[in-house]
Every structure is written in C-alpha cells, then in structure tokens.
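Some structures are shown below for you to check.
The following pair of complexes shares a single chain, chain A, combined with chain B in the former and chain C in the latter.
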Partner chain A sequence: MDQILHEVAFFLKQMMLTMVPFILAAQGTMLAGRTGVFNVATEGIMLTTASVGFIIAFQSNSILLGMVAAMLVGGLFGLVMAYMTTSLKLNQFVIGLAFFFLGTGISTLIPKLIFGVSLVQPVIPTLQNLPIPLLSKIPFLGDIFFNQNILVYVSVLVSLLLYYFLYRTSFGLEMRSVGENPKMADSLGINVFRQRYVAIIIGCMLIGLAGVYLPMVYTGTFTEQITKGRGWLASALCFFGGWRPLPILYGSLFFAGIEVLAYRVQIGTSAIPYQFLIMLPYVATIVVMVLTFKRSTTPKFLGSNYDREKRTL
Partner chain B sequence: MEQNEVILQMVDICKAFDGNQALDHVNFELGAREIHGLLGGNGAGKTTLMNVLYGLYKQDSGDILLKGKKLRIASPRDAIRNGIGMVHQHFLQINNWSVVQNVVLGSSVQNKWTMNLAPEVAKLQKLCDRFAIDIDLQVEVGELPMGTRQKVEILKALYRGVDILILDEPTTNLTPQEVDALFVSLKVMVDEGLSIVFITHKLREVLSVCDRITLLRNGKNVTCMPRSEANEETLVRGMVGEDLNVKDSVIFSKEIREGTKIDEVVTPVLEVKGLRHVTEQGIERLKDVTFSIHPGEIFGIAGVAGNGQLELAETLVGVQSKAGGTIKYNGRELNMVTAELLQQGLTYIPEDRLGDGYLPKVNVAQNLILGAQHKQPYSKNGFIDWRKVFEASWEMIKEYNIKTSGPKDTAANLSGGNIQRVMIARAFSHVGDSLMLAHCPTRGLDIPSMDFVYKKLLARKMQGYATLLISEDLDELLLLCDRIGVMYRGELVGILHRSQFDKYEIGRMMSGVKS
Partner chain C sequence: MSKANQTPENKFSVRKLLSHPVMSYLLAILAAFVASGIFIALMGYDPFKAFQTILVTSFRTPNGFIQTLLKWVPLTLLALAFTVPYATMKFNIGGEGQLLMGAIGATIAGILLKGLPPILMVPAVLLAGTLAGAIWGFIPGWLLYRYKINEILTTVLLNFVTFALVNYIATEVYPNPEVGHPTTIRIATEGWLPMLVDNPPLHSGLILMVMVAIGVYAFTNRSTRGYELVATGANPRAAGVFGINVPVMFMMGLVIGGALAGLAGGIEVAGIQHHLIEGMHSNFKILGIIIGLIAKGSSLAVPFVAFFIAVMEVGASAMQRTLNIPIEMVYIVEALILLFVLLVDVVRRK
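Let's turn to the complex of A and B:
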C-alpha cells in the first residue's frame, strides 16, 4: 500500500513539473490566437530561447538572467512576427513556418559559435525547489503541489491571470473582439494593430519562458531538439482547450501525464511501446476537436490578417 | 426647412483604389439637426465617402471640416472622439455576446478590472428611454431579429455620444413595418439634437424622410437639393445618367403588369413538396416547404436574409442534401446531383458570387465560359478552342458592359459590380431551357445594369421559361414576380398572387405572421 501511494505521489509530482512548458507555450500561442494571429513558430521560438537562455545563464552564472534573456529573445521574435503579419500583412502560416525553421537553426548555431565543438558539455545547476511555507507541510499533497520550482507556481498563476484578464476585464473583452471580428473592433475605435502586437509579443515571451524551462529543469544543458515537439503540442493544446486559458491548463496536465507515463514506459519494460504513448496527445486533440466541432470556440478570424482598406465585395 | 448652421463639410474628397477613381472631388455638407440623404446607385461612392469620414478609408486628397475646423481622421477612434458614429450595412456584432457587451466594447467602462457593467446598463437604459428604443440589454445579440439588431448598432453610436450619425443603407433586411419604425426614431434623434447622414439607393426613402439630398454618380457630385425642390423625375435622371433610357426601363415603368395565368394542366417546371433540410449541427433550416413553378412564371421568394433562402437554393440545385420531401423537375424526380440538374437545363446564379461562382485567379474568359466549357462551340473533340472562347468573351464583355481590359484580364481585378456582371453574362449566355434559379442577382449592380437584368428576366418569362427569384429586395420582387412566397425561419409562411401583392402584408409575413 505504501509502495503504491509513494508511486502515485511521485507520478503526480512529476506531472506538475512536466506540465509547465506545455502551459506556458500553449497560453502564449493562445493569447496571439485570440487576436486572430495563429503562431505556428512556437517550437522554433522555444528552441532558440532554450539555447540562448541557457547560454546566458551559463555565462552569467545566473538562472534569473537566463530567464530574462529567454523572454527578451521570445519578445523579439514576437515583435518581428507581429511586424510581418500585422503591418506587412504577410501570410501568417508561411511566416510562422519560416520562423520555426529559423529558430531551429539558430538554436544549434549559437552554442556551436560560442562553445565550439567540445567533448565536455557546459552545465548549469537546475532550478531549485521552492517549498511554500506551511502549505508544503500538508501531508501527502503538500510535497506534490507546494514543493516545486518557482515556474510551476508561475505557470498556474499565469493561466489564472489570463483567464481573469480575458473574461473579466474590459481590456480582455477588447482583445477577444479583435480575433472574433477585427472590422467590428476597428469600427468601435479599438486599435487592432496594437492589440495584435501586444498579444503576440507577450505570447512569445511566455513561449520563451517555456523554452528555457527545459534546460533549466530537465537537463541542465542545451541539446539539439530539446523541445521534442512540445511547441507543436502547444498548438494542439490550444485546440484541445478551445483557445481558453483554463481548459488549456487542464489539458496541459493531461498532456504532461502522458509524457511522464511515456517516460516511465521507456525506461521500464512494458508491453506498450512508448511511441504509442507520445502519439496520444495528438490523437486526444483530434478526438476533442471532432467531439466539439459543433460548438467550436476557436476565434473566428484565427489565421487571417486585417486590412482596413480592403474592399469586401 | 429653415437654414441651419453647417456642422460638417467634406471638401474635394478624392479616393482611388488600385487606380480606380472611387471618389472624384466630392463635396458634402451636413447641417445641424438635419437628416441628409446620400443617394446614388451601387458604385456611386456613397459608402466610400462616409468610410472616409469615419476613418476607415484615408482620402487621397481633400479636407474634412467639423464646425469650420479642419480635422484629420486617421481611424474610427478619431471619428468617434469627434462625435461621429456609423451604422454599417452589415452589422458588426459578435453573436454570442450580450447586447451590453457589444455596445460597451471599445469604450471605457467604469469598472475596467471587474467588468461589473451595472453603471453602463443604467446609462444605456436611460438612453433607451430617451430615444424610445425598446431592447432587452442582457440577451445575446445573435438571438435578436434584424430590426432589433440594427437598434443595437444605433445604440452603440448613441452610447458614445455622437452628434453625427451615419446610417449605411439602414433599411436593407428590414420589413416595411420596421422601416417605418426606423424613420420615426430618426425623427426623435434629430429632435434630440443629432444630425444624420442617410445612405440609400432607394428614392422613396429619401423623399419620405430626408430634409436634404445629395446625389452621387460614379464617384462624382451630381446635385444637392432640399427635399421641397426634389422630385422623382430629376432624381431618377440624376441617378442613372445617360446610360439608361428611363422611358424604356423596367424599374421606372409606370405600366401595370398582370400576373401570368397558370395553366394547371401543364406540368410544372419545378414541383417542391414538403422539402426539409437539416444542417450538420442538427438545426432544421427548411420546414415542409411546398410550392411549384410553371412555365412562363417568375416565382419570388421574399424574406429577411437568413430565414432559409440560401438553404432552399442550395437544396434545389443539389449542393446540400435534403432531409425529406420531394423535388420534381419537369415532372421527374431527379437524384439531386448537381451535374445531372445542369444537364437538365438548370441555370444557377448563386448568392455568394465570390465563394460559389467565381474563380478570381484565372482570367475573365475562363470565368465567362465556366460550366459550358465542354459544349459547342467552345470545345471540339475534348479540346477547348480558345479563339472561339475569346471571341465569345469579347461579345459578352460588350453586351454586358463589363469593365475590364479584356478576356485575358485576371478576374480578381474586377470590381464587385463587374464580377456580378460576369456571373449574369455567364448565366444568360449559356441559359438552359428549363429553370433559372437566381439568388440576389442584382446585388451590387448599378441601376442601368439592374434594369438590364430585369429586362432579361422578363424576356425569359415571355419565352415561356420558368424562373425562381430569391431576393432580399422587396421592390424587385414586387416589380417582377407573378407570385411571391414569403419565408420565415425556414417555413413558407404564405404564397401571394400578383393581384394580392401588398408591401405591408408581405412585411407582416416576413416577421412570421401567417396570412
């Protein structure tokens, strides 16, 4: 009995740890999506920010500086992406894919330029757990939920804040209106461009944080393809959660659960091939989309640029 | 009406789209407490001019003066700040939001961080009382009928405290009763100190509600006169210019036509019985629709947009599947496969010309022969004879007055009205000998082109062909049809014969009252 309880606690704790990059990347993608910009570069941005964030943290010996750098690099990606899609009105998917490849390339290029090819991997200390006083002393649950690294708390907090912002404030109402009907928003005096710029940049900063989480918590170093498709899963998560912050939070927990399970299966010996498990989130997303297609909550103008003077016939 | 203080002037406004001069040195002025009609056919530049005023378009040259002061309007935000509001022809609303949310969106609410909208609701309620607007503020906008949704749009502008209200074709989609109610509330608004710009292409509306009328044609000023000096003759002449012989026209003809006598013995061209259609989402869009069309008859379908007209058209041509009922063409029940129907001589002009009837990236000639490409004379032994196609295209371009550089022009370069002309040209040049199904065929056309289409439709009728005309323009239906069926929420509420035509009766039926 004790053995099982211990197993469950360990599993749940791992799950909490693993959900963070999903949450941050998906909420970041969701935020831009709510203004009508579909960011498909999430994976590439995560890779670059993981790489740059790690290097800065390594060179400066400061985890915090690494995080800040990752968010700045993410924000920079966002700015350029916003400029190309919103101001230049270039196709969002073409730009997004280009950024994905660009980000993937940069992520391996920069470490090579800085460290050269070396046999010894540079390593940073991983993020320490930050037990919350009192709460972490709750038997069983305390250790699972309140003895985690800081970004676990931050990611949950970000989700709750985004929910409150989008659904309970007038600013959120304005932001959502841009993705539902940009022309209407414009005609009511809402600055569509500004809303999109803000949403993309803040969204990409969250994605940046998601990226740098990987070397800081999992490996302590940057390795090629460290994201392992988590950026693409973030896009899937957005649809899974209907582009709403709270369902995305729950979805992240589910996706994280599968990832932990897949990892356990991989190291143990099991009848289920782990390739099957890592496929599950995608399958789940498709199932959810099929089941909810009648009442889809996807923003109406997701993926389309807004041109005020374009004459609608 | 006495001379009023001028509050707004637009001077020498020019605006071009891709080299196409939409506004050519247009002047406009608005007096305080005035309802100013902005009249003109499609493509005259009315909406473009007002979009410039509202900051949606930026003028290439020209000035806007508000109370004598020059004003730079870069966005709708600037317009609203200066007390200018606009109600667009197509409502800009979010269906699953409440009326209050739609109205306050973009304005600064008192409780920004909690969205407790109680103060705004109170303010709106006061406005509603003052302007005699009757709306439940908490319902979702999507559930409201069109007339009420328009009130929501007007409320949006009033809530922002505008002094100048622009209404773009406000009577589209309203029943005649709702139009009357709108005119009453316009008078209330003017009494409360507002000035109103009323954009329309309907003469009668201008003459019944406006104090002054500015007439535009082809992006140029034609005339501006107080209503007391206006009469139908001069306005008609001004609207259509020299392109149309008013005496021969269908639109302005005073002649009273009788409806075609239906010979019950002859097999109807189209016989629809108990037709039902259910969407993928399980919503019933057509309920037990029954009617028939006989040779030499124009059968009209009236109704506020979105009451099942599109589903009816698409079910009849086989684009969507029916959930029940029978459809017979010339007495034979067909398998409802579009290709088969087309072979049977069906001609279809779809409502959504860009989505369903047009290839923007290929050239004009290919669009003109689309659907007839495998037939003589365009095709020989399976190969298209392009010389023949281009010859035929030139003829169509000339006959239908399509403004394009030629058959090789990319179709996307054409303006909306010209795209519609391509569709009309295609439909009438390769006309089948059975049924024509025309869904809003004159939308976006200027008056001479409209009249041209009317003549073609009447000529068809004279040749003994049958036509199903679905339209949102009640005047058009009253002008052309032998019988009109009125649709409401997927049901055919009633069918009136030409001798029973009455605008208000149809209006009642359009809002669901059975005759």
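Let's turn to the complex of A and C:
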C-alpha cells in the first residue's frame, strides 16, 4: 500500500513539473489566437529561447537572467511577427513557418558559435524547489502541489490571470472581439492592430518562458530539438481547449500525465517496445482531437489578417 | 495615389524593376546575403569567403556537382509535396515523416521481395515507398475531411511518430548489428536504382524526379483535376458553388503530397543508402517547405529554387569543413531569403 501511495505521489509530482511548458506555450499561442493570429512558430520560438536563455544563464550564472533573456527574445520574435502579419498583412502561416525554420536554425547555430563543437557539455544548475510555507506541510498533498519550482506556480497563476483578464475585464472582452469579428470591433472603436500587437508579443514572451524551462528543469543542458514537438503539442492543446485558458490548463495536466506515463512505463517494463511509448503523446493528441472535434470552438477569424480597406473579410 | 502622381517616373521605374519575378528573387537573395554577411562578419568570420564557398563548391569539382544533383532530387520532391497541398491552401508540414515512411516502405519491400528480377524489383521498391508516403498523407487528409482537424498539427505530429517508428524498425525488426547506429540490413541489390554515372555515383532517380516534376506541373497547370485543386485554394466557397467537392480536394492534395515525399524516401533508399538509417531525414529538415514557400507555391519554380538550395546546402558543408562556420548558418540565410522574397512582394504591392 505504501509502495502504491509513494508511486502515485511521485507520478503526480512529476506531472505538475511536466505540465509547465505545455501551459505556458499553449496560453501564449492561445492569447495571439484570440485576436485572430494563429502562431505556428511556437516550436521554433521555444527552441530559440531555450537555447539563448540557457546560454545567458550559463554565462551569467543567473537562472533569472536566463529567463528574462528568453522572454525578451520571445517578445522580439513576437514584435517582428506582429509587424509582418498585422501591419504588412503577409500570410500568417507562411510567416509562422518561416519563423519556425529560423528559430530551429538559430537554436543550434548560437551554441555552436559560442561554445564551439566541444565534447564537454556546459551545464547550468536546475531550478530549485520552492516550498510554500505552511501549505507544503499538508500531509501527502503538500509535497505534490506546494513543493515545486517557481514556474509551476507561475504557470498556474498565469492561466488564472488570463482567465480573469479575458472573461472578466473589458480589455479582455475587446481582445476577444478582435478575433471573432475584427471589422465589428474596429467599427466600435477598438484598435484592432494594437490588440493584435499586444497579444502576439505577450504570447511570444510566455512561449519564450516555456522554452527556457526545458533546459532549466530536466538536465541542465541544451540539446538539439530539446522541445521534441512540445510547441506543436501546445498548438494542438489550444484546439481541444477551445482557445480558453482554463480548459488549456486542464489539458496541459492531461498531456503531462501522458508524457510521465510513457516515461514511467518505459523504465518499468520491457513488454511494450519503448519506441511505441515515445509515440504515445503524439498519437494520444491526435486521438483526443478526434474525440473532441465536435465541441471544439475556435476564434472565428483565426488565421486571417484584417485589412481595413477590404470590403469583405 | 497622390504620392504616385508626385513622382511618377521614380515610382514607375522601381516598380518595373521589381515586377520581373527573377529580379525580385535576385533582390531578395542579395538582401539576405547582405544581412547574414554582416552577422557572419560580426562573428569574426570572412563573409566573402563564406559566400564564395557556399555558391561555388558545387561547380568546382565533378564530385561537388554530383552531390548537388543528389540533394536536388529529394529537395524538389519534398518541395512539391508541400506545394501540391498548398495549391488548396492546406499546409503539409509532414514532408519529413512522409519521406521516412517512404523509406520504411521501400526498405521493407526491398528486403521481403528478395529474388525478383531488377526490372520488377526497382519499380516495386519505389512504389512501396510512394504508397507508404501516400498513406501517411491520407491520415491527415482524412482527419481533415471527416473531423475538420487542422492539417498543420496532424502532419507535424505524425513526423514524431515516424521518428520513433524508424528507430523501432532499425533496432527491432531488421537490425544490422554490425553498425553502431540504428540501421537496418541492406535491401536486395536487385532493388538498387541503376546508375547514370558510376564514379562519383549518380543514380537514375534524377531522371525520375525530373519526369515527376514535369508531371506535377502538367497536372496542376494543365489538367481539369489540377485546375479544381488550384480553384479550391483560390476561393473555396466559389469552388464549392461551382460543384467542386472542396473537402475531397483538400484530402487529394495531402495524399499526392504524401506520395511525392514517399517517393523521395524510396529514391533515397534505392539510390543512395540501400538501407533504412536513423536520422537519414536530417539532411532535409523542413527545407521542402522553405523551398515551396520561396517558390510561392509554383510547381514550375520549385525545381529551380530547389537546385539553388541544393547548391547552398552542399556549399554549407564545405564552409563548415574549411572555414569552421557552423552549417546552420545557411538555414538563417535561407530563412532570410524567404522573408525578403515576401517583403519584396509587399513593396511591389504598394
């Protein structure tokens, strides 16, 4: 009994740890999506910010500085993307894919330029757990939920804040209306372009934080393709979370559960070839998307740019 | 309008210069080279030497040229795998996975069909690759058709499934224990593509690729079905009103795209590798998409752009060897070329 309880506790704790990049990346993608901009560069931005944030953290010996750098780089990506899609009205998917490609390239180029091709991997200290006083003393649950690294708390907080902001403030309502009907929003005096710029830039900063989390939590090193498709999974998460902050939060937990499960089974048994366990998150995502397709809602103007001078949208 | 009237001559000449498609490409390439050249210089390397290596390596030696042709084959097919669905405005990001499925199909056929004469074996291997790729394109196509699930996500997620599948087949199903890296045993020699040049080796997949590229161009630009495909992309609602079955067109585009990428995988196995090897896709990354986008979806432009990118890729390996500049630098240049091609369009529109 103790054994099982111990395993359950470990599983849940790992899940909380694993859900963070999903939450942050998906909320970032969702925010831009709510104004009608479908950011398909999430994976590329995560890779670049993981790489740059890791290097800054390593060089400066400061995890915090690494996070700030990652968010700034993410924001910079967002600014350029916002300019090209919203102001220049270039196709969002084309621009997104270009930035995905650019981000993937930069993520491996920069470490090679700075460290060269060396056999010794630079390592940074991983994020420490930050027990919350009192709450972390609750038996069983305390250690699972309140003895985690800071970004676990931050990611949950961000989700709640985004929910409050989007559904309980007028600025949030305006932002949502831009993604549903930009022409209508514009006629009501809402600045469509500013809303989109703000949403994309803040969204990309969150994606940047999601990216830098990966080298900071698991191994303390940056490896090529460290994201393993988490950016794409985050986009999928937006779809079956219906582009709403709270369902995305629950969805992230589910994703994290699958990832931890695949990992635990991989260690525990050799009955299933481990390659099939590696496939599990991606296959499960597709299956879940099939199962939830009827209920899924997307912002009406997701993926289309707004042109004031055009009569039809 | 008023601004154009103030300086008509100036405006007119710039627009005329930019209006020629080749000219706009040259301008975009130049801008990308200048921008990345500054970056290369800041990193402490010689940009002129770097670009010279990137552009000239392919044409200096017969080996370099043949290397370029060998890269040109899969790059063109992968780019077409992107542009055919792109004609319907659907995005196939799964070219890598479809190529690997093609390689898996070709390898399994090449191992199982041992003993057939080459005249049957070679087409069988290539067909197996094409079919496997087509199936991998059909899945997202069907999910889009039946459940309206975004094809960008399904195609890209299937890539990751394929990476694990390749590892499984190379380590569990047909492993070659003599090699340290996950690799399958070789396919039967009867399944190898005949050679055009023996040394340095150049396989006949090149001719096949050129034929396929012409075929795709004829299909999209000269056939009724191809016209329906393009009409769907131009305006799905109007296409639907005129009796085109739009969702089927979406699916067809993705299936054809998958088949083309699968063929690329089959050619890689039958022509170069002769076995399935983990990471064999890494030379292509998502270059197919970038080529397709630089070509603005035109199947006529794809082979030319693909050749240029093949030249750059071969040059980049040489640049890494001789100048110590990481090969990834060329991805930045390629991404910048794409962005500048798009920006030149914006200027032209004004």
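Points to keep in mind about this one:
The rule we apply is simple: the second predicted complex is superposed on the first by the 285 of 313 C-alpha atoms of A that agree within 3 Å, B and C clash if a C-alpha of one lies under 4 Å from a C-alpha of the other, contacts with A are read in each partner's own complex, and residues count from 1 in each chain.
Convention: a residue touches a chain if its C-beta (ideal position, glycine included) is under 8 Å from a C-beta of that chain, and two chains touch if they have at least 3 such contacts.
Predicted model only: the values in this text are computed from it and were never measured.
With both structures placed on the common chain, the touch criterion links A:233 to chain C but leaves chain B unconnected. When the two structures are aligned on the shared chain, A:189 is found in touch with chain B, with no touch to chain C.
Contacts of A:180 after superposition: chain B is touched, whereas chain C is not reached. Of the two partner chains, chain B is the only one touched by A:308; chain C is not.
When the two complexes are overlaid on their common chain A, residue A:283 makes contact with chain C while staying clear of chain B. Partner contacting the larger number of chain A residues, of chain B and chain C: C. Shared-chain residue A:171: touches chain B; no touch with chain C. Shared interface residues of chain A (contacting chain B in one complex, chain C in the other): none.
Residue ranges on chain C touching chain A, taken from their complex, read 43, 91, 93, 143, 147-150, 152-154, 156-161, 164-165, 167-168, 171-172, 285-286, 289-290, 293, 326, 328-329, 331-332, 334-336, 338-339, 342-343, 345-346.
Chain A meets chain C in the complex at residues 40, 84, 88, 90, 93-95, 97-102, 104-106, 108-109, 112-113, 228-229, 232-233, 235-236, 239, 273, 275-276, 278-279, 282-283, 285-286, 289-290, 293.
The residues of chain A lying in touch with chain B in their complex are 168-171, 173-174, 177, 180-181, 183-191, 294, 308-309, 311, 313. In the complex of the two chains, the chain B residues touching chain A come out as 17, 54, 56-58, 75-77, 79-81, 86, 88, 92-94, 101, 104-109, 112-115, 156, 280-282, 353-354, 415-416, 419, 444.
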